[in-house]
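Quick one: the structure is below, and I'll ask about it shortly.
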Amino acid sequence: MSAHQAAELSAFRQQVRDFIEANADDEIREAGRKTTSFFPPFDQVMKWHRILHSQGWSAIRWPEEYGGTGWDVPRQLIFEEECRRAGVPLLLPQSISMVGPAIIHYGTDGQKQKHLPGILSGDDFWAQGYSEPNAGSDLASLRCRAERDGDHYVINGSKTWTTYAHHANRMFLLVRTGGAGKPQQGISFFLIEDLTDPGIEIRPIIGLDGLPEQCDVFFTNVRVPVDCCLGEKNDGWSVAKYLLEHERGGGTSFATTFRHELALILRLARRTGDGFGGTLADDGAFQDRYMRLVLEVDTLEATEEQFAAMEKGSPQSGPMSSMIKIISMETLQRINEMAIDVAGSPSLPLQLAALTVGSGVEPIGDEDALTLMPKYLNNRAASIFGGSNEIQRNIIAKSLLR
Amino acid sequence: MSAHQAAELSAFRQQVRDFIEANADDEIREAGRKTTSFFPPFDQVMKWHRILHSQGWSAIRWPEEYGGTGWDVPRQLIFEEECRRAGVPLLLPQSISMVGPAIIHYGTDGQKQKHLPGILSGDDFWAQGYSEPNAGSDLASLRCRAERDGDHYVINGSKTWTTYAHHANRMFLLVRTGGAGKPQQGISFFLIEDLTDPGIEIRPIIGLDGLPEQCDVFFTNVRVPVDCCLGEKNDGWSVAKYLLEHERGGGTSFATTFRHELALILRLARRTGDGFGGTLADDGAFQDRYMRLVLEVDTLEATEEQFAAMEKGSPQSGPMSSMIKIISMETLQRINEMAIDVAGSPSLPLQLAALTVGSGVEPIGDEDALTLMPKYLNNRAASIFGGSNEIQRNIIAKSLLR
Amino acid sequence: MSTLNHETRAMLDDSVSRFVQNEYTFDDRRQNLARHQGQSERVWQTFAEMGWLSIPFTEELGGLGGDITDTVGVMRNFGHALITEPYPAVMQAARLLALGNNEYLKSELLPGVLEGRRQLVFAGEEVASRGNPLAVALKAEPDGDGFRLSGEKISVRHAMTASHVVVSARHHGSYCDEAGLDLFVLPLETPGVVVTDYPMMDGQRGANIRFDGVSVSPDQRLVDAGNAGALILRVNAEAILMAAAEAVGIMETLVKKTVAYTRTRKQFGVALAEFQVLQHRMADMYIETTSVDNLLAQTVTRWAGADARQQATLASKLKARMGQANRYVGQQAVQLHGGIGMTDELDIGHYFKRLTAIDLQMGNSEWHRKQLWRETVA
Amino acid sequence: MSTLNHETRAMLDDSVSRFVQNEYTFDDRRQNLARHQGQSERVWQTFAEMGWLSIPFTEELGGLGGDITDTVGVMRNFGHALITEPYPAVMQAARLLALGNNEYLKSELLPGVLEGRRQLVFAGEEVASRGNPLAVALKAEPDGDGFRLSGEKISVRHAMTASHVVVSARHHGSYCDEAGLDLFVLPLETPGVVVTDYPMMDGQRGANIRFDGVSVSPDQRLVDAGNAGALILRVNAEAILMAAAEAVGIMETLVKKTVAYTRTRKQFGVALAEFQVLQHRMADMYIETTSVDNLLAQTVTRWAGADARQQATLASKLKARMGQANRYVGQQAVQLHGGIGMTDELDIGHYFKRLTAIDLQMGNSEWHRKQLWRETVA
């Protein structure tokens, strides 16, 4: 890197830092601190989304022509590092990182015009409808169906594990539109504009942490126009696959996020007693476990770098994408597990009120420890959702044995 | 336990200790120290076998009527503890712990009279012929065959992983004597009296440690009398299963043996530099890893105790027997792995001469470290032989799902 | 040492087993937690009537004459049903009282406990103690004839339903010394006792209790001045033993439920139980569960002959080993259930959370391994 | 920093790749070890002729102008074929010479090394050093104009075939200090140098070298008195980088061979590769291998901009992480091959043993994690 480039990046970093400093209010920062899963508190993260949009920064990985920043990879990383440093919430991925890029890639002009502005601005929030009660990691066995009826499809069936559907006004989903052939054929990718349709019922699911984050969504004779289909009819599988790879490769750098979790553990360990009059951080067993996790995050970072530079769709990119899913989610789970071990029994109180942004309720015990138990519990899902880690290992084995 | 019983056991312990002290010569003790797998150096362990026999102690788990000691379980354990303490080699299991009990249980009077005296005295040593080149953990697919020819069977085929066959004069093996039915039917359990038959070829296999311990054994038209069959013809599977459970339940307490390996690690760590001017044993990471293994050995001991008290053939005893195989062998492997980590690069020299009993060759480096690398390498087999740990987990799963 | 005969013990275990199977459904439990702070009056009365509250107390004190190992069967069964009643908490505090030498307090308080009319709890843990019951910073400073207690205890389960709290305090000596510890019993409404009550992540109620210069008299002390260390160690070991039995019960249930679920749930057209990877995972869940169960059985047989230090070591081994098992079995039970295992609706997540809580209280695996190194090796 | 262009590097890697595929079978290797102490004269000459011995030296010294990262492709390929020639050992010693400031010794010794006529080795490790290159107890005591060396080095690979040894010694300062270290070059036949040669468990030759009051002169010193610490650190980091590349090559081969074996070998009537448990095991072997490969790639890109301390940290990360991978991949390759993987006859066991040796030299995972804690966190 030339001195000139370095100076430019450094100026860019300062610009980002200044912007966050000036625009992220206490409520937004509090939401960042009180994020206990992949999904920050809804109202505050959307508020931050709209603020970033006002600066033109809501879609850091989109091309400029679609309203993205057009930043190169170093700038994207700097932006995320500064966001992590300041503790602001990361934008919800469903709209900006998932359906948005899919619409850019597969959408008709009409679909782009209709949907992209609301995604960019944060006026719309999209829910993702993939899983069904009897099709977890096995998307090919989807049963939610759409029947053609004139200029419309009529949808019947249900979706589950639909994050924040109770906050969403739009939804993308996979539905069965064809019958014959392989099970993953005959699936289409639909864009639903209005979730207030009376045929749609949304029921939040209470999670292990005691809060609703996922939802069941039921469709009863819901009529949608035929042009709601993204990509070719019966070829929704391709759209879903594109989106999955985009999400994993082009998404947030997990390593950056995880380093902040590790820093929190270290901070806590330095002021936590070891029950013998010393502190935890001085114990060789703690240090060894901690360094193991640091090394896993280093490995993840290196893997994310390699993957970013890799041609997608190459023979290596498939298994590497599954590998990222496995190592990132297992590393996260191990970090979360170490965190509760460091926090110890003070992490046992269930503090829903203190976790609510703006509640003003003081946490019981160390504030740094407040989110650790909900994270440990919620992130057990990290090896289940998005294609379980068992499925990912099947995929890798298949590619090795091919 | 009453004071009287305790005093008796204590006297017994002293008697054992005195006997070992008086009778185990330097060569035998050296063989104990230079044991690098489940099988001590042959000549010395058989010498010790004969010495124990002279005292009537070669078969501590056999009934008295067959020449065993008739000891109760506490006495068996005391005897083994004292043997471990004195560092004498444990007797080879093939004769005393495997074929011997099988003959006692299934043998005809003629078979008992013919075989048991030589097993007890150590004049005979038996090799075990189960595995074949294309049937590792899958005994049901055995192909070594015996065809009836008048009063004889004619054996053709081969066996592999036959420990110490090059030292053995007798051999027990599984051969296919029937054709139809399930694959594990039609197998018989043969007792071969004479391995010098010209149709038998024994080829030692060099192992990872550079030494021969296992052998291939080839049979070409080997004639054996029909009464060499132990148990019913075509029912060798039952004999093998009986023997397996006997071996695991009634055999040596692994926990006792493993504690000595752990003690060796600790001793070594206390005098090994940590590369920063301290010693390894003072490092919390070492301590944590060490205690994990101590706890695994404690668990193994508790499990061995439960299994000993359990009725064999009950619904619990099958999976518990597989569990003992898994946890004992994986614990051993983890102990061996920790041992080379503690020894570090000084464990790298290949010291075949120093490992040879009676060679008088001084080891390079710490004498306690001499056997650690061969043990690490050899005991990788512990999760492969005797029904791989994968097979054992299949067995447990099958019983859970039944 | 227990004077219960084999038949009595078998009968007790059998009665608990029938109770949890027939009278305590998962819905009962949910109602219990939602409406009664996890304690149904009816259920607690049943405990008293069945004699379960009397097990580890001498006949002289109105008990059945058993010892703490006789509660193992009860706790295992409670684990099966994920009972939320404060049985182990109340037993722990009552054992402190029973094994102390303050006869007046015994006669005053114990009968009510055994009859189910009264609950006591023990406040031992502190924010920096991490499972070491001797790591007591709460001070007992001389004040006239008596003492003033200052400091804070955390994770006191079921404090809000108890009448009295037993609290450990440092009379003299340095942090972590066995010598110099006292135990006091005081009504929870004593002035200066500030209880912060909260729900815990496993559904039960917990509290932090601050003592703001609370006056106590020597009559409220359970053992002679500064000599409570051995008693604290011993009853802490007993609490760990009870927790281990509960954990084994929970793990047994998780193995059973996971096996059952994978047989019915299909993916890619086949039952989950057909996948070898999941089969091995369940085999390992069985191995972990059975490991702790076997260690528990061994511990029980060795308990009677052991002194307080030895019991503490036995308990540390159990706690250290079971922590690993709890984590593995709990996590894999959720993993094999998939998304549904992540919900509040299904029982699996509740078993998982309870195991997690058991892990973190009274010292996690790492702490107990360190403790074992210090006690048995260093 | 390397001045090699992309094409030259690609050409070099390609030439090594063709060599190991076409001219170095596993049988060649076996013969090589049995008859030539692991070094065939012909093979070593090929290394020289192909320019591989010249890669990380400036053109001024007769080299190709690359740096150590340019040997990564060579080492990876050497890992594929399990080459036993002393390439990394000789490069390490020669790099010490080349980066020192003793111009006379450079001109005297380096040309022979680059031309394959001469080998040097580095004696750095000691019985208590465990991977810390600064943990030097071997003493250099002033003696007239020069010094007397006393102490012992261990695990010096290929000492018997080298003409000279580079040895690290403590001139002043305390054990583990970076300041106060010297490097001396001396012929192995110098009086008082006692070499105990032995085969190692990976088939290569190693030696312990005792220095019994060996006289050396200041002319034999590579850098100014007491200032060799940074150079030792740097070249130690380079040796770890080379070892990591070899390890990745070995692991890639083990993954490939294990996949191939499980496709052909049948048990219970089906290919081993059909068992999901073994499939996942191979997926994990791939993940571990690729993890180290990715970390290696990242390390290579960060190498040029880093100073000696930073390179040491990069190397420690690599060594710590690869130790875990080496163990897992090596052990599982043997496990999935079953009994045949335990034999001297099959190549699998030899790959496994070489990985084991790489782990234990230059500090194992645990040591490097501790080192990283001290350097980057504490």
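By letter and in written order, the chains are A, B, C and D; residue numbering begins at 1 in each of them.
Assume a residue touches a chain if its C-beta (ideal position, glycine included) is under 8 Å from a C-beta of that chain, and two chains touch if they have at least 3 such contacts.
Which protein is which chain? UniProt says A, B, C, D = Acyl-CoA dehydrogenase.
Predicted model, so just to flag it, every value in this text is computed and none were measured.
When every chain is reduced to the mean of its CA atoms, the largest separation from chain C (Acyl-CoA dehydrogenase) belongs to D.
For the pairs A-C and B-C, the larger set of C-beta contacts lies at A-C. Centre to centre, using the average C-alpha position, chain A (Acyl-CoA dehydrogenase) and chain C (Acyl-CoA dehydrogenase) are separated by 38 Å.
Chain D (Acyl-CoA dehydrogenase) has its Cα centroid 42 Å from the Cα centroid of chain A (Acyl-CoA dehydrogenase).
Averaged Cα coordinates give chain A (Acyl-CoA dehydrogenase) a centre that lies 53 Å from the centre of chain B (Acyl-CoA dehydrogenase). Shown for chain A (Acyl-CoA dehydrogenase) are the residues in touch with two or more other chains, namely 283-288, 390, 393. Among all residues of chain D (Acyl-CoA dehydrogenase), those that touch two or more other chains are 275-277, 280, 366, 369-370.
Those residues of chain B (Acyl-CoA dehydrogenase) that touch chain D (Acyl-CoA dehydrogenase) in the complex are listed here as 131, 134-138, 140-141, 160-161, 205-210, 214, 272-277, 283, 285-286, 337, 340-341, 344-351, 364-365, 373, 376-378, 380-381, 383-385, 388, 390, 393. Of all residues in chain B (Acyl-CoA dehydrogenase), only 266, 284, 287-288, 290-292, 294-295, 298-299, 301-303, 305-306, 319-320, 323, 326-327, 390, 393-394, 396-398, 400-401 touch chain C (Acyl-CoA dehydrogenase) in the complex they form. Within the complex formed with chain A (Acyl-CoA dehydrogenase), the chain D (Acyl-CoA dehydrogenase) residues making contact are 255, 259, 263, 273, 276, 279-280, 282-284, 286-287, 290-291, 294-295, 297-298, 317, 320-321, 366, 369-370, 372-373, 377-378. Against chain C (Acyl-CoA dehydrogenase), in their complex, chain D (Acyl-CoA dehydrogenase) makes its touches with residues 275-277, 280.
Residue ranges on chain D (Acyl-CoA dehydrogenase) touching chain B (Acyl-CoA dehydrogenase), taken from their complex, read 125, 127-132, 135, 154-155, 174-176, 196, 198-202, 206, 208, 266-269, 275, 277-278, 327, 331, 334-335, 338-339, 341-345, 349, 352-353, 356-357, 360-361, 363-364, 366-367, 369-371, 374.
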